[in-house]
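Each of the two complexes below includes chain A, the first together with chain B, the second together with chain C.
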Partner chain A sequence: MTLDIDTWIQVAAFVGGGLAMGFGAIGAAIGEGFTASEANLAISRTPKISGDIFKNMLVGQAIAESAAIFALVVAMILLFTDFSGQSILMVSVLLAAGLSMGFGAIGSGIGSGFPAGEACVGMSRQPAMSGQLTTNMLIGSAVCQTPSIFALVISFILLFSDFSGLPIAPTWAAILGTGFAVGLAAIGSGLGGGLVAQTSCEGMARQPTSASTVTNIMLLAQAVTQTPAIYGILIAFILLFKGFTPTASLPAAMALLAAGLCMGFGAIGPGIGIGNTGRSAVRWIARNKESTADLTRIMLVGQAVCESTAIYSLVVALVLIFVI
Partner chain B sequence: MGTIRDTEKIYCSIALGFAVIVGTLCFILMLKPIGKGLILGTLFSIINFVLMAETLPMRIGHTRKKGVGISFLLIFLRYALLAIPLALSIKLNQFNMAATVFGLFSVQLVIMTDHISRYIKMRTQKNQLY
Partner chain C sequence: MEDLGEIHQLIVPLFGHEMTFNLEPIIMTWIVIIILLIFGLLASRHKNIVPGPVQVIGELFINQFYDLSEDALDKDLGRKYAPLITALFMFLLFANWIGMLPHMHEPTKDLNTPLSLGIMGFVIAHYTGIREKGFKEYTKSYFEPIFFMMPLNLIGELAKVVSISFRLFGNIMGGSIIILVVSYLTLSLVLPPFLITFFVIFIGAIQAFVFTMLTLVYIAVQVN
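Entry: the complex of A and B
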């Protein structure tokens, strides 16, 4: 068995493909399962509209599945493209592409399942709102997909860019850091966005008169939920495009990898926390429309505080990239 | 199950119609790989959606163990099916990969476009009333 560069590249492509699809399948499966379980509850409560609930479940599952299809696309590119004849840096690139998409699809897959399930329950509670619930669910689910789209973009940039002119060290670490930063950061934002969208479907079914207010606040809360994922993609872009001077120092390379890990892990909690804050605000705005201004203000302040830990991670990641 | 059939028919026919029109335009403009890729991706997107809908009743009315088993098998089959156009577009130059990937999401795009346009219409009508 010869272990030349091409062999290592092929190994990395296969491992990257496995990581992309393996991790990528987790979220969508959980999300779709949640949707189906809530649809069961809804049908048992109101069997008369089982057709509408089935339809909503199907449409919701189709959207929740998108993140896993992104992962499938990246995995197939990694498995079937011929990457031979390139530098050893490609090993890092292929692994990072798989990591980015694999982790990046988890949160969006699970998150998209939440509004789909809650919309089914909402329909059983308020059949007259079926159409509006489906629309609200789809808008909420689409926003949940944003972090996984960030991960897909970074994977594509990694797969289709030419890194041959760059120094192997420390670029290998910066590239791996890119995968971790964007992939892990997407988990919290995807989940958090799903929590907000779930409660907006619940609120809409409980208080149909608050429907448009609930949708607007949902979009606002979801927009804030996406910020940790934006920090992740920001660090990913810096790591990809800054251009590092060649060095044989291992600590210098590990600092770049650590920057990616710091931003990725550091964004998971804030994404979920911000989502929880938004969820609570949307729930109570639906029930008490008159307090929308106060509740929105409290929500935004709460979300800003939740976000602070993501900002700490961002600062440490920037220090690791630019100072150390 | 009438509503599910209707949903399938509406979304799939719009997706297919869109793919055929854009594909034909691509053929006329001598962008054959793009047209072929788009139509290929859309066809598999439609097959995936139809399979998803038609196999829904198969997952219900079984024991939990059997239900989980059937669901896993169906998901595996559908993903294996979606992998076919991707593998073809990567291996064969006659299919553009980006267009194939776009085609794979055509049903989802039609669903989103339909509901968002309805939402915008509803909001516009509401605004005109007040």
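Entry: the complex of A and C
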């Protein structure tokens, strides 16, 4: 058996494809299962509109599945494209593309199952609001997909850009770091965004008069929830496009990989935490519309404090890239 | 596929330095501005109690965003900032939607546009904060809860600009890259229009609204 560069690239493509689809399958399945279980609850409560609830469940599950479909697309590209004849750097590029999309699909998949399930329950509680609940669910789930879209974009940039002119020594680590940074950072934000959208559907069903306020605050809270994922994509862009000087030393390369890992893991907790803050704020705004301004302010301050740990990771990652 | 990441640039030498202009976003921004000007003219030319179709759309925008800014800020300040907020939303909406026309590119796809709008919002928010609270109160807010939190508060404020602009940029660029790659892979007539409906029309409108709301909230946080 000969182990030339082409063999290694082929191995990396297969492993990357496996990682992308393997990890990518986790989230969507959990989210869809949650939706279906809530739909059962809803139908048992109000069997009269079981047709509407069933339709809503299918639409919600289709959106929750999109993260897994992104992973499938990346896995298929990795499996069926011919990457032979390129430099050894391609090994880390293909692995990073798989890792980024695989991890990136987890959070959004789980997250967008929550609003879909809660919309089904809401329809059983308040059948007159069905149309608005479906719209709100669609908006909420679509915004939940943003972190996985970031991961997909980084995967596509990795797969379709030309890295041949770059020095191999530190760049391989930077590219692997890119995959970890954007993929792991997407987990928390995707999950958190789902939590926010879930209570917005609940609140809308309980208090139909505050529907438009709830949708607005939901979008705001989800936008703040995505901030950790945005730090992840920022570090990923810096690692991809900075252009590092060639070096043979291993610590210098490992610092770049560590920057990606630091930003990726550091963003998981803040994403979920910010989502939790937003979830509670949206829930109480629906019940107490008069205090919207106060509740929004408390929510934003609380979210800013949650976010500070993501900012610590961002600072350490930037120090690892630029100082060390 | 080669046009992924390709940028048309005009490089002008100036006193030994080089000024770089990204031509595409500049031209597209001007097209958006011209569309908005025509829209404004049509909406306000024949003002009537019984509004025409264009006037109705204009009034929809204005009512919605005057209400939102008066809710977020107080009544007086809200009315003062509402034109800015409305204009920001309409610009971003048309800028994100222009990508659905063939050979047109969203100016927001270039990081320079969202970043400059983000910096504009940042400057306006802090200027308003200083004017409403006074310089002393404004500075004190950085030393809360304890004085040594100052550097982190400062980084937190700067991170807001990064997050608001990268959110818009990432979503719009992401959508256009996905549409480009899928059209290249499948050559189908069905899939790209479906993707354009989702990524350009739906996500474009949501992101324009989110950017506007965040700018408004950043101002509101500085005032209160």
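The rule we apply is simple: the second predicted complex is superposed on the first by the 324 of 324 C-alpha atoms of A that agree within 3 Å, B and C clash if a C-alpha of one lies under 4 Å from a C-alpha of the other, contacts with A are read in each partner's own complex, and residues count from 1 in each chain.
One rule holds for everything that comes next: a contact is a pair of C-beta atoms (placed from the backbone, for glycine too) under 8 Å apart; a residue touches a chain by one contact, two chains touch by 3 or more.
This structure is a prediction, so every number in the text was calculated from the model and none was measured.
K.L.:
Is this a clash or a fit when chain B and chain C both end up on chain A?
P.N.:
Chain B/chain C on chain A - steric clash.
K.L.:
Looking at the overlay, what does A:R297 touch: chain B (first), chain C (second), both, or neither?
P.N.:
So A:R297 only meets chain C here.
K.L.:
Touch check for A:A142: first (chain B), second (chain C), both, or neither?
P.N.:
both
K.L.:
Regarding the shared-chain residue A:T134, is it in contact with chain B (first), chain C (second), both, or neither?
P.N.:
After superposing on A, A:T134 lies in contact with chain B but is clear of chain C.
K.L.:
Is A:L41 contacted by the first partner chain B, the second partner chain C, both or neither?
P.N.:
It touches nothing on chain B or chain C.
K.L.:
Based on the superposed arrangement, let me know which partner A:A248 touches: chain B (first), chain C (second), both, or neither?
P.N.:
Neither partner.
K.L.:
Based on the superposed arrangement, let me know which partner A:F80 touches: chain B (first), chain C (second), both, or neither?
P.N.:
So A:F80 only meets chain B here.
K.L.:
Once chain A of both complexes is superposed, is A:I324 in touch with chain B (first), chain C (second), both, or neither?
P.N.:
Neither partner.
K.L.:
Please identify the positions on chain A that touch both chain B and chain C, taking each partner from its own complex.
P.N.:
Chain A residues touching both partners: 73, 77, 139, 142.
K.L.:
Mind pulling up the chain B residues that touch chain A in the complex?
P.N.:
1-4, 7, 49, 52-53, 56, 59, 71, 75, 79, 82-83, 86-87, 90-91, 97, 101, 104-105, 107-108, 111-112, 115-116, 118-119, 122-123, 126
K.L.:
Where on chain A does chain B make contact in their complex?
P.N.:
Residues 25, 29, 33, 36, 51-52, 54-55, 57-59, 61-63, 66, 68-69, 72-73, 76-77, 80-81, 131-132, 134-135, 138-139, 142, 212.
K.L.:
Contact residues on chain C for chain A in the complex?
P.N.:
Touching chain A from chain C are residues 1, 4-5, 68, 71-72, 152, 155-156, 159, 162-163, 166-167, 170-171, 173-175, 177-178, 181-182, 185, 198, 202-203, 206, 209-210, 213-214, 217, 220-221, 224.
K.L.:
Given the complex with chain C, which residues does chain A contribute to the contact?
P.N.:
Spelled out, the residues of chain A in touch with chain C are 73, 77, 139, 142-143, 146, 149-150, 152-153, 156-157, 160-161, 216, 219-220, 222-223, 226-227, 230-231, 233-234, 292-293, 296-297, 300, 304, 307-308, 311-312, 314-315.
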